[in-house]
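Look for chain A in each of the two complexes below; its partner is chain B in the first and chain C in the second.
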Partner chain A sequence: MKLGALSASELTARLARGGLDVDTGPFVVRVETEIPALADELRLLYQDFPVDEGDGLADFHVSVRRPAGPLGLRRWWRQQAMAYLDDVRPFEPLPIGMALPMLEWSINWCAATQANHYVMIHAAVLERDGRALVLPGVTGAGKSTLCAGLALRGWRLFSDEFALIRPADGQVDPWPRPISLKNASIELIRRWAPDAGLSTPVPNTNKGTVAHLRPPVGSVARTGEPAMPAWIVFPTFARDAAPRLTRLPRARAFFKLADCSFNYESLGLRGFTTLSRMIDGCDAYEFTYSSLEDALSLLGALPLP
Partner chain B sequence: MDRAVFLRALREPASMGGLAPAEWDVLLRQGRHVGALGRLAALAAGAGVLPAVPSRARVRLEAALEDVEQQHRLIRWEVIRLRRALAGTGLPLVLLKGAAYLHAGLPASRGRQFSDVDILVPRASLHEVEAALLREGWKMEALSAYDERYYREWSHELPPLAHPKRHVMLDVHHNILPPTGRLRPDPRLLLEAAVPVTGDGLRVLGPADMVVHSACHLLQSGEHDKSLRDLGDLDALMRQFGAAPRFGDELAARAAALDLERPLFYALRFAARLFGTPIPEATARAVRRAAPPALVRAAMDRLFAAAVEPGPPQDPPRRTRLARAVLTVRYHWLRMPPSLLARHLAHKIGGRRGRG
Partner chain C sequence: MIPSASRDSSEANWRLAEGCRLHWKAWDDEFVIFDEGSGDTHLLDPLAAEVLKVLEESPEEVSSLAHRIVARLDLAPDSDLTERVRELVERFVALGLVEPARP
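Let's look at the complex of A and B:
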């Protein structure tokens, strides 16, 4: 059953009592929250994901609660949201209005710290014709915007944050969760696709204003279909710049890629072997762009390696 | 959360082959909280039950095995660097705890997760060792003047060191218990009885001393969220060494010589209760003489049992939190004379206020 098939009251009740196991593809996430507004946002963003009614084994357990604070005052005044990740609280509480970004960051944190059966790169990943495009980048390089722009025009969304590379065969597993858009990108994507599902923008987070874009239904339906990476493109957004795509030598690409990895260091030999094989099978580029249209046509025309 | 499944997995690894997915849901988290996911994985692999584990849990265990392998590789590399850095001192490199189990090839190192190296040096060589390490690039964590003094005067180790290009912490000990404590083992005995292991100039404590140190560590520490892992170490050491015919006598003699019969009594008692650890008759007889009065013993039994809960370290159940608080007070009581303890507490409490 899909999450969207649950009635609003049923969803709220299950999230509050024991949690709901959401099958996001590579990971089953048990989400638990007593915050009704968060239930509504989850319904909007995760409606196409299956609810795992299976066996009670979840990969990550994320619970967003309202801390009572001294004398229980926080229940009424300046309410907060506190995240419990597998029963541990790694973060300070945030104002309750930031519950959704907090939940999304929490799920990312779980993967980044635990999923060592993958080599994980901080990257957006999309697929066309069975091959994956990997867009690694630091926050602010414009990879989420680029990712949303491509995902809304024919590319299949894998992830806007994680390239999950399988050490066994080098394929990338899709993890098409909501795309996190920041500041000016929110308006840009709204114009790019007026009927895309967007969560309510949350101002004043440590990344500025944040809104999440619902992943395309077609991408969510195909979480079981991995792809071999073909292109590694390091994007840089530069206002008014002419689009420029330049080839990157493999050795340089390797180190840039390792630099963007969450767990390259801790994986040791596994990390090295997996990334070198990936670099050998891909073409790497640096890409400067200022408009989504240019990006769409240039990246869409990349030849197979 | 239920700890019966967790304990049974450690005692009878084959039981992991019959666990339901919902049990793994809890067990994997407990393993992470206690720092024993690698140990569970190694035990499951050793018992040949990995194929029977539900796939979502199995991939995590297999990744944990690889993580441990990489950690061990880093530790071995760090020990090589250490040996080079300290070659000029002419001292043998005496490894303690995890690094010792690893280099001695003991079953206690299987699946053991750790990211620090502990070494033991003669107190007289402490300055020379510190100077050599600093010269070779190791750095000491910046400490407040008070903490610096705490380590230098009242502790049995240097402030933690680490090489900035690697992430392995190094603890340089000159004893296994603080010099200010009630129990004062003579570290010269430990150093004299250290035995060579593979690798130039590397040594580890003798088998009996290793067990006594493990027992000490378990009882004389202010933290108990990882105690189940440490008990697992002790259990593995006892099963390994206890097979030798004279080990029971040797262990009793060493505990007496080092003045550490009381901690050994407690540690073996708890290991036997939670892990079914076999205790040689000669040792049992000897440490019984060092047993505390029945009332104290009963209180410690209850405190320890409550303290070793394999739950999340930040939010333990109430009884666990209470037991840990009492054991922490006991720990400080044992490691410092009352006047020093009063000063230490005044400073820590005052410091906390000042920061808040």
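Let's look at the complex of A and C:
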């Protein structure tokens, strides 16, 4: 059953009582919350994901709730939310309006700290004709905007945050969760695709204003289909810049890629071998862009390695 | 104290540091090495790569190392090259990749 098939009251009740297991592809995430507004946002963003009714095992447990105990006194004048991951609370409480970004960041944190059966790169990933485009980059490089722009124009969304590379065969697993858009990108994507499902923008987070884009239904339906990476493109958004795509020597690309990895250093030889093979099979580029139209056209014309 | 290749370099023999286990990858004219012993990854140009490859095979003094590099890379011998090899050995020592060979 898909999450969107649950009635609003059933969804709210299951989230509040024991949590709901959402099958996001590589990971089953148990989400627990009694915050009604968060249930509504989950319904919008995760409507196409299957709800796991299996044996009760989940990879990650994330609970977003109002603070209990003495801190709970604050709820009457400034409501807050806290994220618990397996009852550990790694983050400070945030205003309750930030419950959705907090949930998404918490799921990311779970993967970045636990999913060491993958080599993980901080990157957006999309697929076209069976081959994956990997867009590594730090926050602010413009990879999520680019990712959303491409995902809304025919590229299959794998992820806007994680390249999950399988050491065994070098393929990338899809994890098409909502795309996190920030500040001016929110309006840009709204204009790019007026019908796209966007969560309510949340101002004043430590990343500015944040909204999440619902992943395309076709991408969610294909979470079981990995792809071999073909292109590694390091994007930089530069206002009013002419688009520039420059080939990057493989050894330099290796280091830039390793720099963007969450776990390269901790994986030792497995990380080196996996990234080396990835570089062997890909062409790498640096890409400066200022418009999604240019990006769509240039990246869509990349030849196979 | 870190041993220096510039000090008594004519007499000293240098070798790959004990515990280093190097894995090599060459792309175009650049080399990436992963040292399984330390977990460190390094980017090398062709000359640096050749110096390390020779020391991986057997201990050498800087002067004989330079001679072998000249032969392997088909270069013209010159004193600048010996100096560059000495500097590279110093850098490798600082990185923990090379150490003095025990007599």
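Rule of thumb we're sticking to: the second predicted complex is superposed on the first by the 300 of 305 C-alpha atoms of A that agree within 3 Å, B and C clash if a C-alpha of one lies under 4 Å from a C-alpha of the other, contacts with A are read in each partner's own complex, and residues count from 1 in each chain.
Going forward, contacts are C-beta pairs under 8 Å (C-beta built on N, C-alpha and C of every residue); 3 or more make two chains touch, one makes a residue touch a chain.
Note that the structure is a prediction, hence the values are computed from the model and not measured.
Shared-chain residue A:R247: touches no atom of chain B or chain C. A count of residues in chain A touched by chain B and by chain C gives the higher number to B. By the touch criterion defined above, A:R17 lies against neither chain B nor chain C after alignment on the C-alpha atoms of chain A. Using the contact criterion defined above for the overlaid structures, shared-chain residue A:S276 touches chain C, although it does not reach chain B. Using the contact criterion defined above for the overlaid structures, shared-chain residue A:F255 touches chain C, although it does not reach chain B. By the document's definition of touching, both partners, chain B and chain C, reach A:G268.
With the contact threshold set out at the top, residues 268-269 of chain A are in contact with chain B in one structure and with chain C in the other. Listed in rising order, the residues of chain A touching chain B in the complex are 28, 54-59, 61, 86-89, 114-117, 266-270.
Per the touch definition, chain A reaches chain C in the complex via residues 249-252, 254-255, 258, 265, 268-269, 272-273, 276, 279. Those residues of chain C lying in contact with chain A across their complex are 23, 25, 27-28, 30-32, 34, 36, 39, 41, 43.
The touching residues of chain B, when paired with chain A in their complex, are 20-22, 24-25, 29, 32-33, 54, 56-57, 59-60, 62-64, 66-67, 69-70, 73-74, 311-315.
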